[in-house]
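What follows is a single structure, written as structure tokens, with notes after it.
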Amino acid sequence: LFALAGCGGPDHEPAEPTPENPFRVVLQTDWFAQPEHGGFYQALEKGYYREAGLDVEILEGGPNAMSVQKVLSRRAHFAMNRADTVMTFAMRGMPVVMVMATLQHDPQGILLHADDPAQTIEDLDGRRVMAVPGLAWIAYVERKYGITLDIVPHDFGMERFLADPRFIQQCLVTNEPYYMEKHGAEVRVLRLSEAGFNPYHGIYCRRDFAEARPDIVQRFIDASIRGWTDFIEGDPAPAFDAIAARNPKMTPDFMAYAHGRLVEDRLVTGFPERGEAVGRLGPERMRALHDELHALGILDERLPLETFFTDEFLR
Amino acid sequence: MSPTGTWREYIGWPLLFGAGLLGLWYAVKGIFALPAYTLPAPHEVLGALFDQRTALARAALATAKGSLAGFSAAVGLGFALSLLIAAFRVLRIGLYPYVLFMQMVPIIATAAIIVTWLDAGLPSVAAIAFLIGFFPVVASTVAGLHSVPSEQVELFRLYKARPWQELFLLRVPSSLPYFFTGAKIAATLAVIGSVTGEIFAGSTARGGGLGFMILIYKSSVNTPGIFAATLLCCLLGFLFVGAVLLLKRFFLRKWHDSLDTDFNPL
Amino acid sequence: MSPTGTWREYIGWPLLFGAGLLGLWYAVKGIFALPAYTLPAPHEVLGALFDQRTALARAALATAKGSLAGFSAAVGLGFALSLLIAAFRVLRIGLYPYVLFMQMVPIIATAAIIVTWLDAGLPSVAAIAFLIGFFPVVASTVAGLHSVPSEQVELFRLYKARPWQELFLLRVPSSLPYFFTGAKIAATLAVIGSVTGEIFAGSTARGGGLGFMILIYKSSVNTPGIFAATLLCCLLGFLFVGAVLLLKRFFLRKWHDSLDTDFNPL
Amino acid sequence: MIAKAPEIEFRRVSKRFGAGPLVLDGLDLKVSPGEFICVIGPSGCGKTTFLRMVAGLSRPSGGEIRFDAQADGTRPELAFIFQDATLLPWLTVLGNIELPLRLRGEPRAERRATAARLTAEVGLGAVGDYHPRQLSGGMKMRVSLARALSLSPDVLLLDEPFGALDAITRNRLNEDLLALHRREGWTAFFVTHSVTEAVFLADRILVLAAEPARVETIIPVDLPRARTLALRESDEFHDAVAEATRRMHSVLAR
Amino acid sequence: MIAKAPEIEFRRVSKRFGAGPLVLDGLDLKVSPGEFICVIGPSGCGKTTFLRMVAGLSRPSGGEIRFDAQADGTRPELAFIFQDATLLPWLTVLGNIELPLRLRGEPRAERRATAARLTAEVGLGAVGDYHPRQLSGGMKMRVSLARALSLSPDVLLLDEPFGALDAITRNRLNEDLLALHRREGWTAFFVTHSVTEAVFLADRILVLAAEPARVETIIPVDLPRARTLALRESDEFHDAVAEATRRMHSVLAR
């Protein structure tokens, strides 16, 4: 109870924030500092937030970050997750809306050893896969292909993969393959987006916050998009430095690898020819994902789009 | 304190307190206007329990197996190790620190090793439940084995009791009140241990247990489901504690004071 | 058993066993040809400890804080609750089952609630460490408070001791051997609890502890790092256990048999 | 002081543990205030059980024990010297002796002084800060005696307090006890196996027979109340002992 | 059997606990096989300490205790009746009594039979399956006695075994003990506070004085070895008691 006051002293919430009198904003990421969060660190380091009158603190997440609890209890303004999870939040009645995208395409994939006989996701029927139980993609591929996976809980490590030549685990294309190859394993990734499961990754906040302070949300999004654009197109070094300072495992080599994946796979910028852009959330894609999740029974009710999403800050 | 009055009390008071706690629960929920996803109401938890009854029943069975295996191993091996430690001074001095050491290793650090050696599923889950419940049994039993009144030890020494006789005929019976305390702690930890095990080493194919269900409910933000699974954990735990207490009554009834002056079912 | 001989034994035997275990470790590694990412060699662990010394020292400090807070709360509140339970029959009958209940709730299920109410970071971590260490203290102390020889209780009743006198002048001193057993269990669980807390409810922004480091090392296949962090967990744990044992010696030295017949530093 | 001691009446008091045999069977007795009753009887006949019922530590299975209406309606203050000393192992000799005073809320300095005085009286002045496990059996019983005397009870129950003491210490303590009894006037129930001791101390000797214990006989002791060790050398005393022994044996042999 | 009992020699045996005062000071004594030694002395003088050193439960701080070379070079078989009975609370009366036999690996049926016989001998036949907490103080001591007799020890150490017993039971057990001693021929050290008992039982009475205990005097008892209760009525016996009392008091009062 006594801690409801929040993080370190009363929040500073001026009505007309300026660089000198900034509005304090807390962003909860979904994992330890890593290049997948680069745009935010870039915006922070290059002073874009400060220019926009925001004093941003980035809280790192982890395997059990429980970011939604922090947003709901107003200890973070923004948090990060995939669109499918935000839809689940809405289904449970949580008053949060997704306001911008960080990744246009889902970097999740299934990591196998290069010589694994499975060539497609369908081939994984009955195989053991280390993943986070209950995630939407599992039910998605199981129902779409009529297969069953033997899910074992993800331990957020890679030792078991390295030790077992038939091991399969959920991964991010920007991450695990690097380490596996560094430890001498040849790997392949089956991307979930190829199976049709391709939710946005993005930022959400409480709906009442977006309604009460649309100016702050707008400033945050604009500065973040600026940061992301600069991170992808400019020199990512400021973000890298900030990330490495927070997360001791972040070597320049790894960050260069991850950055390369983000750029080459156009995960952040998407494909402009399809109307994708940094930060963009397309209502059609959101609707399509929602409908598909509902059709597969993963969402047990149809939800109006506005219960989990708004693109008013992206126009 | 007539027997019937006692039984009435032993049912009445917990019910009363239970009702009070339920009231408190509703009150907290009402006062802070907490939605179901933060704190579901008791009836919402029961609803989830009903909705998910088949999945939860299967999960509870899996967890029960893991807990039972882990608990039996913790009590059995813990007791055995305590005996060894009490019997051999060298082990007590030389090995006990490393037993403590083992106890202090976080599961997350060992889980990968355990799963690698034992494979996911029941064996690993039971191993983790075992690791969690093991030390309380050892610590309590060793304390009990060392708390024998010195005159009784002298009696045995005088009669030239062999070490194993001193151990089994004196130290073991004398340590039972301590042992049962340790076993009671292990019993409450058995289900927790199994759930923790499932979080690190469960498997859908092997009927992921309640821990696995909690992970799933967590991913899908099903708070009433989490509470329902938790409720089952607690009920399972009570079964274990109850079993320990029955055994304790059976073994100590005749001679130990604590049962005589205070009949205390828990 | 001269004092010097004893001290030599109390250092020599553990070192000997330690050496044996290290040998076993190298042997297992060699025989199964295990790579560092599965089982690092002891010297690789020391290497990691050295390489990461600043990060690990900072993390150990953070974990120490969480453990200390959780442990103190577990011992303090656990003892206080035990007193209440021993003092008020109604609480013992009516409330104790719910204390057991609480103990049996898996941390993963409560973590979300804890984080909702408490700030992530130290408060949540300490709360989880507290929850884990709490019950062993309560179970042991309550057992101790109930294990008073009945003649001593009668003596107090005869002298018309008020209930609080019976509690503080008789039951409390008499229960100390049990209490310290519980505190020892809580001490070994304190660091584990804190690490678990960091994993489930840690905020990494504010100086993540050893649990956080373990996760980080895990996600970059730095197994020697995991072992190094684990080693620090154990050393921290030993500090807590050591503190409990010193207190125990201080309080029980003069009158309790177990210390007299078997000087046992652990 | 003397006025505090209650009149105690036993009416057909009987006792049985659980479903076991009768231990006491229909005991009838009336004890006047300040009377000194010695209880004698074979081992296991129910003497301790009898004392425990007087103390209220055990309830009669049948009959009742009545204390006369105290001025303020409370139960009398009782002190009990248990057959095994029942000291608290974590307290020193002094700490154990001052315990009753402490329980009663006596100020620290006063109770320390009383305890020190009593410790010296029972001949343990030199070992005041020993813990019980450093004491001999007889020393423990003396601590227990000092503890019982630290309060001024209305009724004193003594269960073979001097069985573990040598004759000299025992005689000295017997004399001290009588002096105290004269001064304080409590009612005493004193279990002993020594007829000599019983005759020296008692106003009346309650002889219990075994299986189940009945009041086999009550032997009044007709010696002057102010008794000193000198009395023990007198013919009068020897005659009283011989007479009591004779009566006891005659009923117990029946 | 008799050949087993050792000769025991005490050479300047002294004892001090930690930094405390001397408890025993330079005790010199030679005990022949099968001798019955009674130890008498004021409470806290060191009788129990002495017995514990004979038993090897405590080591002299100075001097030594020598048992003659046993045929097979082992220490003699000892049985000890502790001042407080020291029964195991989880065993029944029979279980406690058969414990030494069980420890020695006697077959179940035989030891049950022996235990049952001994239980009856000490007058506890009816309560064989009681647990210690259901027994009276004297009954516990009798269990402890029966337990000590269940083996045929070479040396029997008895620390006030009959202090808590009534005269009749005590006399009967005294007589039984003597009969057994004649039959089995163990060496006995028997602590008592009763001169009468000491004279009845002992070959020699060791009188200890307090602070620190020295062998104050050794009183030989010149009565025929085959003693029965009848002897206690004899003038010879009364004279012996009077003489012993006189000698004891004269040295203790010094």
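Read from first to last, the chains carry the letters A, B, C, D and E; within each, the first residue is number 1.
Here is the rule we go by: contacts are C-beta pairs under 8 Å (C-beta built on N, C-alpha and C of every residue); 3 or more make two chains touch, one makes a residue touch a chain.
Predicted, not measured: the structure shown is a model, and the values here were computed from it.
Asker: Please state, in steps, how far chain C lies from chain A along the shortest route of touching chains.
Answerer: Contact-graph shortest path, chain A to chain C, evaluates to 1.
Asker: State the smallest step count from chain A to chain D, taking one step as a move to a touching chain.
Answerer: Minimal hop count between chain A and chain D: 2.
Asker: Of the chain pairs A-B and B-E, which one is connected by the greater count of C-beta contacts?
Answerer: Taking the two pairs in turn, the one with more contacts turns out to be A-B.
Asker: Just curious, how far off is chain E from chain A if you go by their C-alpha centres, in Å?
Answerer: That gives a centre separation of 85 Å.
Asker: Provide the C-alpha centroid distance between chain D and chain E, rounded to the nearest whole angstrom.
Answerer: The separation of the two C-alpha centroids amounts to 28 Å.
Asker: Based only on mean CA positions, could you tell me how far chain B sits from chain D in angstrom?
Answerer: Comparing mean C-alpha positions, chain D is 49 Å from chain B.
Asker: Could you list which residues of chain E touch at least two other chains?
Answerer: As it turns out, chain E has residues touching two or more other chains at 84.
Asker: Considering chain C alone, which of its residues make contact with at least two other chains?
Answerer: Counting only residues that touch two or more other chains, chain C contributes 38, 108, 112, 116, 149, 199, 215, 218, 256-257.
Asker: Multi-chain contacts only, two chains or more: what residues does chain A have there?
Answerer: Counting only residues that touch two or more other chains, chain A contributes 69, 72, 155, 157, 159, 163.
Asker: Could you list each pair of chains that touch one another?
Answerer: Contact pairs between chains: A-B, A-C, B-C, B-E, C-D, D-E.
Asker: For a test of understanding, state which residues of chain B touch chain A in their complex under the given definition.
Answerer: Spelled out, the residues of chain B in touch with chain A are 35-38, 108, 111-112, 115-116, 120, 198-205, 208, 212, 215-223.
Asker: State the interface residues of chain A toward chain C in the complex, per the touch definition above.
Answerer: 1, 3-4, 6-7, 32, 57-64, 66, 69-70, 72-73, 75, 155-159, 162-163, 175, 179, 182-183, 246-249, 254
Asker: Spell out the part of chain B that touches chain C in their complex, as residue ranges.
Answerer: Residues in contact with chain C: 9-10, 13-14, 16-18, 21, 38-39, 90, 92-98, 100-101, 103-109, 112-113, 116, 135-136, 139-140, 143, 146-150, 153, 177-178, 180-181, 184-185, 188, 191-192, 195-196, 199, 210-211, 214-215, 218, 223, 226-227, 229-230, 233-234, 236-238, 241, 256-258, 260-262, 264, 266.
Asker: Touching chain E in the complex: which residues of chain D?
Answerer: 17, 40-44, 47-49, 83-84, 123, 134-139, 142, 159-160, 163-170, 193-195, 252
Asker: Of all residues in chain E, which touch chain B in the complex?
Answerer: 55-57, 77-80, 82, 84, 86, 88-90, 99-100, 102-104, 131-133, 151
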